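You will see two complexes here that share subunit A, one where it goes with subunit B and one where it goes with subunit C.
And then the complex of A and B:
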């Protein structure tokens, strides 16, 4: 009888945490056929990585498979000895990691790390030349240019996209049947992301490879997957054919996730759909169905411990939804969930756009770095003559790939880098003296990508938020009053003021970071990728919060992001950066409707539906430009392509 | 970067030698008086003045420093106030024993570090790991002189395997270098262990395991080299410390090294010897850090890139 390549039955995995065992994967079953892609979708802490690691036998020392079976090509893998595993890993099952920058050893050349795979497998004398040939052909297969050169380079000399191709090449070196791809594009930019995804799809076709895709990205899932398994708190909530699950999600969680993904056709006047609450921490699961506290259609029954008992176990191919509400009832209830109506306040339109007074004017700003040694001097033009204006209450987005100079730009504006040239005007006044500049810096609030790293772990959240006020010499009573107001503004419960950053969830940390940025009553906020490390459901909450704050407080924002659908939804004005230059500057609607610079167009296209695998992609990011294209074409400034 | 280091060396030496020169004006009591007393004479006004003239202390600080500097540039570090021998010769005699002791303890400590650090990391949380951690903790806490006496008691006194104290043969070298080597190696083994464990948690080790390497292969080929980067730095400062001479060990084992010379010079206020010693130690330590930097470049290809590139 033909059996699937990988069959997982009732897998349960737990981690030993300090003094208790925490279940991270609960009773999971799925299967993958040859040449098939299964996507395991879930937020952080949902147990998707633990599942992948159990399949390749690399659970950390404190992790254990409690029960369940993993059949690979008919052979039981769970409980194998290390010696047996070494025969599987790299040869039958290979894996690529989330962050290609850290997945390669920084002190060894690419060549050494590739050869290793071949050297491992042969005991007899090896032919170095042939191995080199094989490495070169593998690099060719994954589309790495100048393969000869790459073999002698070190990881830090290469970009993320090339490195991810190289890790794929390394993974394929042992001719595996199954490739586990753990968030393969999460650390990459839009354009590169798309390239890597289509590379994976190509390779799969060419090599009849099975892929287990671990992801939180539903657009990625739609592009690549044949089957989808949606995980929540270590348990499968929905499982089935990708097009069915993505087109007609039946579990309220799947449905919510799909709704929360920012797409190119979001209506700017409606808040983003956000799941309420936070995903549960493993080890602190609510009783009954773990999703019930966040579920829009939960009822009393869902809270009971045995809520999910007696539900039919999934068959190997069968679609499976773990919800106790009967199908029809669920469908009716889910379709009845309405998003909140239009925003209550419409003030935003009065101030935003070009109407507000200019708050920040940048003229021909330059930041050049010197590089190289005295033998070969180079100048890196990270920011090369950029001019723009931010009006009061306006959200200006800066987009571009990593390395385009987005971060250098804002750092130069606020003086974290000494500008090589150009002027900054704040409220119409040129910043000349150190005193001017310092006064300006105090009026800027910052929110960084990685909220947890931006807090001192030894200070309570309250102390961190109050620190800028202490520096500005507020008295304790004023400070406390301010803290209460800030917590209320960002939606944090007051009792969290004495919590340490690690006691907060990712979303709460980012709220606290926003509170800290707001503490000095800034006129302008700088948000450097504020949501890109958050889960989709939390991301929407934070974006809604920011939008609300911007309207309430009339703060101007500089929003650095590579997520174009989000930018389209969030920003009033967009600056497109490429190699340190501003290639296009336009009002948001105009840019997305009619990008004039080829690079902007390329960027936008990376987020539009692709024709890879499923037509469901359209469900995720079909775009309705028509409605905005009618608007006027005025108010835009562009640098012509020829200047670049 | 290396050129910069070498260029900065003379400036550094100038500053440090001047600072040690200042010592003559800082040390409490009258130097001439002290030396006369030590030689068994009576410090009268005349003898003190004569001694001051003999030592050159009657002239101003800068004049003396200038003269010393000119001589030092001709590799003449002056003569010892106590023995009357040239300082350069006294130092040269002591350098050889110090180099012996330094290199022997270095070899032992590197071996201990590598062996115990790697084994503890590989057998993390098992009995082996705990035994190594316990042993290294004891070795780290036990004062050098105590360990020296324990080893002397058993190996030299009770079983008579090694000579008690002194200098001259390989056998004399073993006990003092064991004492130093164990003390240093134990601490560094703990450092290496945690450094390897950090590296073992990295993505590139996970990737290596996924390629099919065993845990041992991944440790040896991937984790160890990265883990060694911080260890190399810490060995750099240790070698500097050893070259300065370890006073206690040299005294216990009657080892004619630099540390003892320095101690004697301090006790007898033999300023020229002290100056020569400090100068020598400075050159050596700077040299060691230069070597450490070179090793860095060898181990970590990013070092060079980091220094010559700024990422915006």
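And then the complex of A and C:
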């Protein structure tokens, strides 16, 4: 009988933590056939990376496969010696990592690093010229332009997209049968993300490769995967053919996840669908079904019985759903509740920007960095002549790829970077001296991408949040009153004030960061990628919170993001940046309905469904322009395409 | 895996216990010592270890055990004094240089370069030669020559902590430079310094004993381990124990501090997890 290429049976993996064993993967079974792609989807801490690492035998020293079997090509992998693994890794199973920048050695040329693979793998004498030839053909295979030149370049000279292609080429050098891709696009921008995914799809067809895709992004699955395995707290909650799982999710978690992914057809007036609560930490699982505290259709017996232990539903195509409720009942419940948003109240139309007074005006702002030595002076124009206005109560989004100058722009606006030219007006007053700027940025609320890094790990959350007030010389009683109000505003329980940042989950950290931003009662908030490091279900919670706050407190926001569906949902005005220039500035609806600059169009298209693989993609992100096509173009400003 | 963990803790425990014992011995030397360390009984000179004199007596008839206890006091306390001195000056200089950068950094670090261009112990010798021997002067000389090591390390750590977002956040929320350095940089720099502190303390102890051996440290009647070795030299052929006990004391103390330093590094260095 033909056996699948990879077959995992009842895999359980645990990590030795400080003083106990923590199970991160529990009783997982799946299989991958030749030329098939399986996507493992889950939030952080769901055990997806631990699964991948056990398949390639690279679990860290404190990790152990407790039980279960991993058959690769009929051969048992679990419990192999290191020597046997060497025969498998790279040659039979290869892996690509999340961040191509750190996966490559910065001090060696690309060529050196690629040759190394061949030199290591071939036992007989090798011919340098032939190796080079093979490197070139590999680079060609993964679609790297100018391969000859690339071989002599160092990683820092290349962009993330090209680097990821190169790591794929290196992974393919050993002609593996199975490629494990651990979040291969998470570190990349929208356009590049799509290119890498379609590259993987191409390679799979060309080489009859099997791919194990690890991801937290369900939309990604749709373009690539044949089968999907949804992980929650280390266990499979749903497993089956991709189009079936995505079209008709049968587990409440899968359905919620699908619903939480921001798509291009969201209704701006309805809060995003957000799962309540946070994913459990491994080692602190709730009793019964691990999902029950967040489940929209949980009932009493879910708290006791773990459906994951027995009630598998092997349907057609090997699909199973682990939920204690019978299929029909569940189906009815799931469609009946329609996964309504948490808050029933509709958000009132908040486009107050048109009548609001301007808060912040930027005129022809420039920031040029000098680079290079005295022999080859270079000027890098990170921000090059940008003008815009933020009105009170308005959300302005800045979009663009990484390296387009988004972060430099806000840092120049608040005066962290000395501007090369241009003016900034705050409440109609020009900011001239350093003192003006200081006074200005103390009245701005900031939220950064990485919430955990934006808190001093050695200070309690409460102290950190109150710090701006202490700097502004509030007295202790006022401060404490303010803290209570802030915690209430962002939905954090008061007892967390004495917790240290690492005791909070990602979502709570970001809430605390928002509380700190609000402490000074700002008129404007600057949010630098505030949700891009969060899990999808948490992301929706934070966005809803921000929108609610904006509505309640009438704060203007400068929202920096590369997630266009989210921007489309969240923003009133959008600025598109490309190479330090503002290429388009328009009202949100108009930009998405009729982008005028080719670059904006390209950006938007990257987030629209692709027709490559599964039709279900449409279910995820089919665009509906109808609602906004009526608007005219008159309010639009644009710069004509100079160079793209 | 569990075994490795256990072993690590045993090392830490042992070194901490040893240091604690030595420390207590130094503090309570008055009560613990059976004899006056400086009062000799010439009739009882050069006695081998016995019930009355555990470690024997020296060439002046002084009880070696008592002298080692009192010696711990000088060796330990002075080594700690030097560590504290270096730490305070080095940390202040390092954090300032690392945080401000630019010309301030340039000035401080050039001074550091200048000082570290001379071999430390020789420079200390020269300074003691100028300001005269004596324990305090020796301490001053050693602080003067060795704070630079701290400064360099602290600056390095500060440079990396400075780039973290919470420092940016503190700046944006209007905190002054001093507050940022004190509340945000220092608490995050210190844990990484524990290791250096422990390792350097052991280094200072050997250096101190070395200087005392040369007669540049503590004055004659007082006990100090290096000094004891120095005094024992003429008798070393026939009365080896005179050399053995103070050397052992130095070895045990230095080993304890070194192990402590290494264990602390294992603990705090995130790149060093096994």
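Here, the second predicted complex is superposed on the first by the 615 of 644 C-alpha atoms of A that agree within 3 Å, B and C clash if a C-alpha of one lies under 4 Å from a C-alpha of the other, contacts with A are read in each partner's own complex, and residues count from 1 in each chain.
What we mean here is this: a residue touches a chain if its C-beta (ideal position, glycine included) is under 8 Å from a C-beta of that chain, and two chains touch if they have at least 3 such contacts.
These numbers were taken from a predicted model, which means no experiment stands behind them.
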- Message: If we overlay the two complexes on their shared chain A, which of subunit B and subunit C does A:369 touch? Say first, second, both or neither.
- Response: first
Notebook entry, point to check: Between subunit B (first) and subunit C (second), which does A:74 come into contact with in this model arrangement: first, second, both, or neither?
Noted result: neither
**Prompt:** Does the superposition put A:16 against subunit B (first), subunit C (second), both, or neither?
**Reply:** second
Should A:421 be classified as contacting the first partner (subunit B), the second (subunit C), both, or neither?
neither
Which superposed partner A:456 touches (first subunit B, second subunit C, both, neither): second
Partner touching more residues of subunit A, subunit B vs subunit C, is chain B
Mind working out whether A:61 is in touch with subunit B, subunit C, both or neither, as first, second, both or neither?
both
Q) Which partner does A:467 reach: the first (subunit B), the second (subunit C), both, or neither? A) second
Figure out whether A:481 sits in contact with subunit B (first) or subunit C (second), or with both, or with neither.
neither
Check: subunit A residues flagged as touching subunit B and also subunit C 61
The subunit A residues in contact with subunit B across the complex are 56, 58, 61, 82, 86-87, 89-91, 94-99, 102-108, 116-117, 120-121, 154, 156-157, 167, 170-171, 173-174, 180, 367, 369-373, 380, 382-383, 403, 405, 407-408, 417
Listed in rising order, the residues of subunit C that touch subunit A in the complex are 1-2, 164-166, 168-176, 179, 183-184, 187-188, 274
Note: in the complex, subunit A contacts subunit C through residues 16, 61-62, 414, 416, 438, 441-442, 444, 446, 448, 450, 453-459, 464, 467-468, 471-472, 516, 520
Given the complex, residues on subunit B that touch subunit A span 124-125, 202-204, 206-215, 217, 221-222, 225-226, 299-302, 305, 308-310, 312
